[in-house]
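First chain A sits with chain B, and in the next complex the same chain sits with chain C.
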Partner chain A sequence: MQIRFEKKLEPSRKMLFATPILVVVLTMILGAIVFSILGYDGLGAVREIFLTPLTNSLKWQDLAVKAAPLIIIGVGLSIGYRANVWNIGAEGQYIAGGLAATGMALLTHNMSGWYLLPLMGVAGMLGGMAWVFLPALLRTKLKVNEILTSLMLTYVAIQLLNYLIFGPWKSPTAFGQPQTVLFNDWQILPYIIKGTIVQAGAPIAVLIAIMAWIIMSKSVFGFQVRTVGSAPNAARYGGFSENKTIWLVLLISGGLAGLAGMLEVAGPFNRMVPQFPTSYGFTAIIVAFLGRLHPIGVLIAGVVLAITFVGGEIAQTTIGLPNAAVGLFQAMMLFLLLAGDVLVRYNIKIVRARRA
Partner chain B sequence: MNIDLTIAIIITMVGASTPLLLAALGELVVEKSGVLNLGVEGMMLTGAVVGFAVTYTTGNPWLGILAAGFAGACVSMIFAFLTLSLFANQVATGLALTIFGAGFSALFGQSFTGKPIKLFKSIFPDYLTEHPILKVFFDHSPLVYFSLFMVFAVSYFLHKTRAGLVLRAVGENDHSAHSIGYSVIKVRYGAVGFGGMMAGIGGACFPLLLTPQWVEGLTGGRGWIALALVVFSAWKPTRLLAGAYLFGLIATMEVYAKAAGGGFRIIPSELWASLPYLATILVLVLISMRHKMSSSAPACLGKPFISSN
Partner chain C sequence: MNNEQSLRLELEGIVKAFPGVLANDDISFSIKKGEIHALLGENGAGKSTLVKMIYGIMKPDEGTISWNGKPMNIANPKAARALGIGMVFQHFSLFEAMTVLENIALGMDEKMSKKALEEKVVNIMQKYGLSLDPKRIVSTLGVGERQRIEIVRALLLNPKLLIMDEPTSVLTPQEVAQLFNVLRQLSSDGCSILYISHKLDEIKELCDSATILRGGKVVATCDPKKETAKTMAAMMIGTSLQAINKVKSKEFSDIGFSVNNLSLRGAGDFGVSLKDISFDVYRGEILGIAGVAGNGQNELQLVLSGEILLKDKAKITMNNIEIGKMSAKERRKHGLCAVPEERHGHAAVPEFSLNDNAILTARNRQNMVRAGMINAKSAKQFTTKIIDEFNVMTTGHGASASSLSGGNLQKFIMGREILQVPDVLVVSQPTWGVDAGAASAIHQALIDLAKGGAAIVIISQDLDELLELCDSLAIINEGTLSQKQKVGVMSIEEIGLLMGGVHGENSSVSSSQKEVMAQ
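== the complex of A and B ==
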């Protein structure tokens, strides 16, 4: 007896949407088992990481704060991945965006007015785009693999951050702490619900996901991206320029990652600090896949991953689970999702072995 | 430049190159079989933390290296199962493996953070390792000699043995290899496992050879540089040796520039620290300008193999 895989003519839509749900449930079961084996309270870990953030209404605002950057970056990445363009250096573009926004904030520090935040937003997007410019140029001109170049630049972005806040941007009043000055009141995101920590980042994230959904499903650009990704020959025949598509999707993903960086530095941080790289850019890769590279899926997946982040913090204080455990849960989720893809694309048949 | 400094730089350079060389050699074999495993960084982190933990607990670095190789091979099997048996996307699965390795090593290594071990130094007698000139040959960790041996072992295996020929055939034309009776999937499982072992041992070089402690994210992206080196080498083990040593030299320059001070101070240390990553990009550019990468890459690289019967 042997198992045989037969490629389906078309990916199963039912499975496409069912597998992510199945994957989250399986991650909880597998996680409970693995963490019990590792000597932790496995069931407690799953309860605290996946359920407490939902049942405890005090934690909902934390979810909104954490989900926003994941969704914004995830939407951008998913558009690129649709076109088979693998930008995995979103973390670097996020940092570059945060730095560009910080630069703008420092430049306009003695000014006031509503226009300061939009200026910082534009700076953030341009910063993110600048960080993806080189990978895009090299990919389109010289066919240099964008995976490695975008990732290498992430490490450079971290060094640049350190250089700036230990050097020229260091606040003179921070008693030697490596950080910039606090942004002024016009440079900090407004709170959208009084008395909570939810700032403008959350509604912007929802808006971006909806806009991306409309653009990807209704516009020629969306069709172009999907065709270049799934049928490059047909795209060429149809007159879509592959290089132009690569440029566009990279600039979009870099710009969105940069915007997320701006929203973080002008939001929860209020200044640039060494702790700014929070690996949102890497986690957003999981978000993009869990959301099936669909903007609305990414929106939901962003909340799911935010739950694990918030839950990880809860589990740290309540049952003493190390924070790194969350990363393991997230990786397990991605593994299971990739394994589940086989159900989407293949018919699995069990057949009697034939002697050759 | 005086001779003592030159020798000191060479010894540091060789040490810094060794983890890159080991991990890249493993990945070279994996890619020769037609599989692209982007999880090198994750497997290196796994090897680094397991190698540290076993060395710390047993006091025996040899056991640490064995355990690191074994751990690397184990986690590589997750990748192999997903991509070879379930046809999952190799790029995404490799990324997942890196995220997994980062999470696992951070969790597993937490109780070992800040604890010291002894560096795994040369096992030659003192009169050789302390000799002002001869130490350039003898003052190296056994891991260094192992990595050099593996360059020639891998080269010999790929080009002079039957098994190596089969592995290359599987990477160049999987369906032909299958039709004359070789199991494509088995060969690729073996290659991925070897790559995992080498990445694991490469990871163990960090605590055993470079910084005798465990900190989160110890490998600092060197796994990705190893991947770039494979491209740089045009899939040739001996050219890989040159590439790895070139990168080791760049990493060493950072250390010595910081120590030397003086004129080097003009360049901020962050720029020195960025150099290996910028050099990687530069190298990728130079390669693609010189020749089309596709000409030397294994023809089936990254494509899943689905047997038709």
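== the complex of A and C ==
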């Protein structure tokens, strides 16, 4: 017996949209089964992780806080993935952005003024871009695979973070704690809804998703990215440089990850700490795929993944689910999505072996 | 059908359907022992599908295939070979870095010692006058010689039926003549030949009978010697050909496009290097570049269109502007449009809509871009114009390029470039896979474009097309371009010799002798 995959002439558009939803539902069902077998309250786990964050209005602000960086990074990654450029190291760019913004904050700690935050934002984006510079250079000059280089640089970023906050940037007033000083009031993101923890990151994320949507669907740049991703020869024939496109999409995804890092360090953290790497950069890969590499899809997917983060924390306290459970759910989602895509794009035929 | 015993192969009521198309619809015909039988039809008429079923690659949905009078179920190519059915494909499956003999050994169903095999191979070559050195590395061979490997491969099995799929499409006239001698000898030995082609003169010269397919159906079975090329063409195409309206023997004055001492190193081990190519094309002139596939045509197309950039901008000029260092986009802005040979993934993005495929090359010349944003309305207008004026069969401007048939997509691509009214147009294989009616429409559009003052370069392997369409002709061989000459000045034999270049019979013998001497 032999299993054969035959590419469908045109995959059903309905199914392309329906799979992400089916995937989430299937993840819940499988998750319930897996955790029941492991001896937990499986149904309860699914309820706490996927439903409580939505039904409990107190948790909505947490969703907005967690979704913002996922969306910002996810939008950047999805643009790159459209061009077949696989930046896997957004986590490193996120950290580098956070560090650059911190550096700017420390440099301007004695100053005050509205311009400090924009300055830190620019520094964050430049930090993220600096972290994709090497992968972009190696890919365009020597055809070195950007998956490996970008991923490996993540660990360099983590080491740099530790060096800085254990060393030169350590706060003199923190009783030996490895962390920087608190940022000043002009260096901390404003709260946009009074009485909540929702800061400026959330509206910025929505804005970025909408802008990316317009650019990707209506601009020559968006067209260029899609063409390079679908047919590199046709792109060259149409007058688009593949190398320029690789540079641009890497700088955009690195810059957005860096911006997310700045918004985190100037938002929820208020200072740089060792706990800063929260793996948003890795989760955003799932967000980009679950959102079908479409900016608005990414917006929705960012909220879905934020739900699992918030729900995971709830489940830890209510039913004692380990923290790793969230990772399990997220990974299950990605695998089901990739498998689902195969079913949407290919017909599967089982061929019985024939003897000649 | 007078004598059942004398029939080698008989097809009855063969039906094969694919999603959306009926490729073969109730096909019946038979081949006698020792007969050379032509299967004639345009691209997409169902020839390849039919042959794949005879060779066991596909199974018919309905109908029977009888071999020597007995109904057979041919499960796979191995079973077909066991019956005595051999096939020489249009595209060869050879390993470039291996010798002729190693390639033949790899294709054998039964194991055989190298020495025994070599002996057999040499015997067959001598018997049929196929000159070929078994120790040569394939990458050093010309197309005609490569085809001989495939023929030897098929003959080793002692076939009773040999299927030849478009065997002459890549051969020089001299190589064609040699091939025909081999096929005639085979036929006199009792081997039947199913000869697939759309070249009418060849079929008239070679074949004893012909089955003509159109749209998946048999439209006629005839004796090609009693028909004229015109009557067979009419049967094959269905509609009468439109005569091309061309003014002969024009005089030109302004140079529109010129290439000066252009050299380029080929990419990779098997890429062809371009060597010192120079030519001028006048405004209003159509220059044809003929040659056997793989002699530098692709490289030349890419250099001229701007997909490969030169270090010296003066090597290519148009309207006295040096464009050698300009990208394809900049060249288009200056008025140079191009169409590469490969449609899918090069001239068009298969999964994109026709609209997006129009944006791909026409965005600047047709004012589809304002401040970095695409103007959907003007893109749609231009796409609709292409569809209307070039009669593209499609559901509309939003249909994906992959949903179009090959010929229709080619019409769209040619229309997209011609309607941009370029000053210079560089086209590879303008009517490849297009039916005759559409081909003559494309030819007319090219002639009209030239009449309007454009300089046109057509790179094609279809000599008939070039002779019909072009004002002058140059021949490319191993990356070197011959002097340009007026069409009609060169004889067919002369062209054939130039196309053969060092691949021709005499020189290949001498170079293999050199190799033997070196050992």
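By definition in this document, the second predicted complex is superposed on the first by the 341 of 356 C-alpha atoms of A that agree within 3 Å, B and C clash if a C-alpha of one lies under 4 Å from a C-alpha of the other, contacts with A are read in each partner's own complex, and residues count from 1 in each chain.
Criterion: a contact is a pair of C-beta atoms (placed from the backbone, for glycine too) under 8 Å apart; a residue touches a chain by one contact, two chains touch by 3 or more.
Since the model is a prediction, treat every value here as computed from it, not as a measurement.
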{"item": "Side-by-side fit of chain B and chain C on chain A, or clash", "value": "fit"}
{"item": "Chain C versus chain B, contacts on chain A by residue", "value": "B"}
{"item": "First (chain B), second (chain C), both or neither touched by A:I286", "value": "first"}
{"item": "First (chain B), second (chain C), both or neither touched by A:F223", "value": "second"}
{"item": "Which superposed partner A:N145 touches (first chain B, second chain C, both, neither)", "value": "first"}
{"item": "Touched partner set for A:S241, first chain B, second chain C, both or neither", "value": "second"}
{"item": "Which of chain B and chain C A:L160 touches, first, second, both or neither", "value": "first"}
{"item": "Partner chain(s) touched by A:Y346 [first = chain B, second = chain C, both, neither]", "value": "first"}
{"item": "Chain B versus chain C as contact partner of A:W186, first or second or both or neither", "value": "neither"}
{"item": "Partner chain in contact with A:L334 - chain B first, chain C second, else both or neither", "value": "first"}
{"item": "Partner chain(s) touched by A:P322 [first = chain B, second = chain C, both, neither]", "value": "first"}
{"item": "Shortest CA-CA distance between chain B and chain C [superposed frame, angstrom]", "value": "8"}
{"item": "Footprint overlap on chain A, where chain B in one structure and chain C in the other make contact", "value": "356"}
{"item": "Complex interface listing, chain A residues touching chain C", "value": "9-10, 218-221, 223, 226-227, 230-231, 233-234, 236-241, 354-356"}
{"item": "Chain A contact footprint on chain C (complex, rising order)", "value": "19-20, 75-76, 78-79, 305-307, 327-330, 332, 338, 340, 342, 345-352, 356, 359-361, 363, 369, 372-374, 376, 400, 402-403"}
{"item": "Touching residues (chain side chain A, partner chain B) in the complex", "value": "5, 7, 38, 86, 88, 134, 138, 142-145, 147-149, 151-156, 159-160, 162-163, 167, 282, 285-286, 289, 322, 324-332, 334-335, 338-339, 341-342, 345-346, 356"}
{"item": "Chain B residues touching chain A - in the complex, by the definition given at the top", "value": "38, 78, 82, 86-89, 91-93, 95-96, 99-100, 102-104, 106-107, 110, 216, 220-221, 224-225, 227-228, 231, 268, 270-271, 273-274, 277-278, 280-281, 284-285, 288-289, 292-293, 306, 309"}
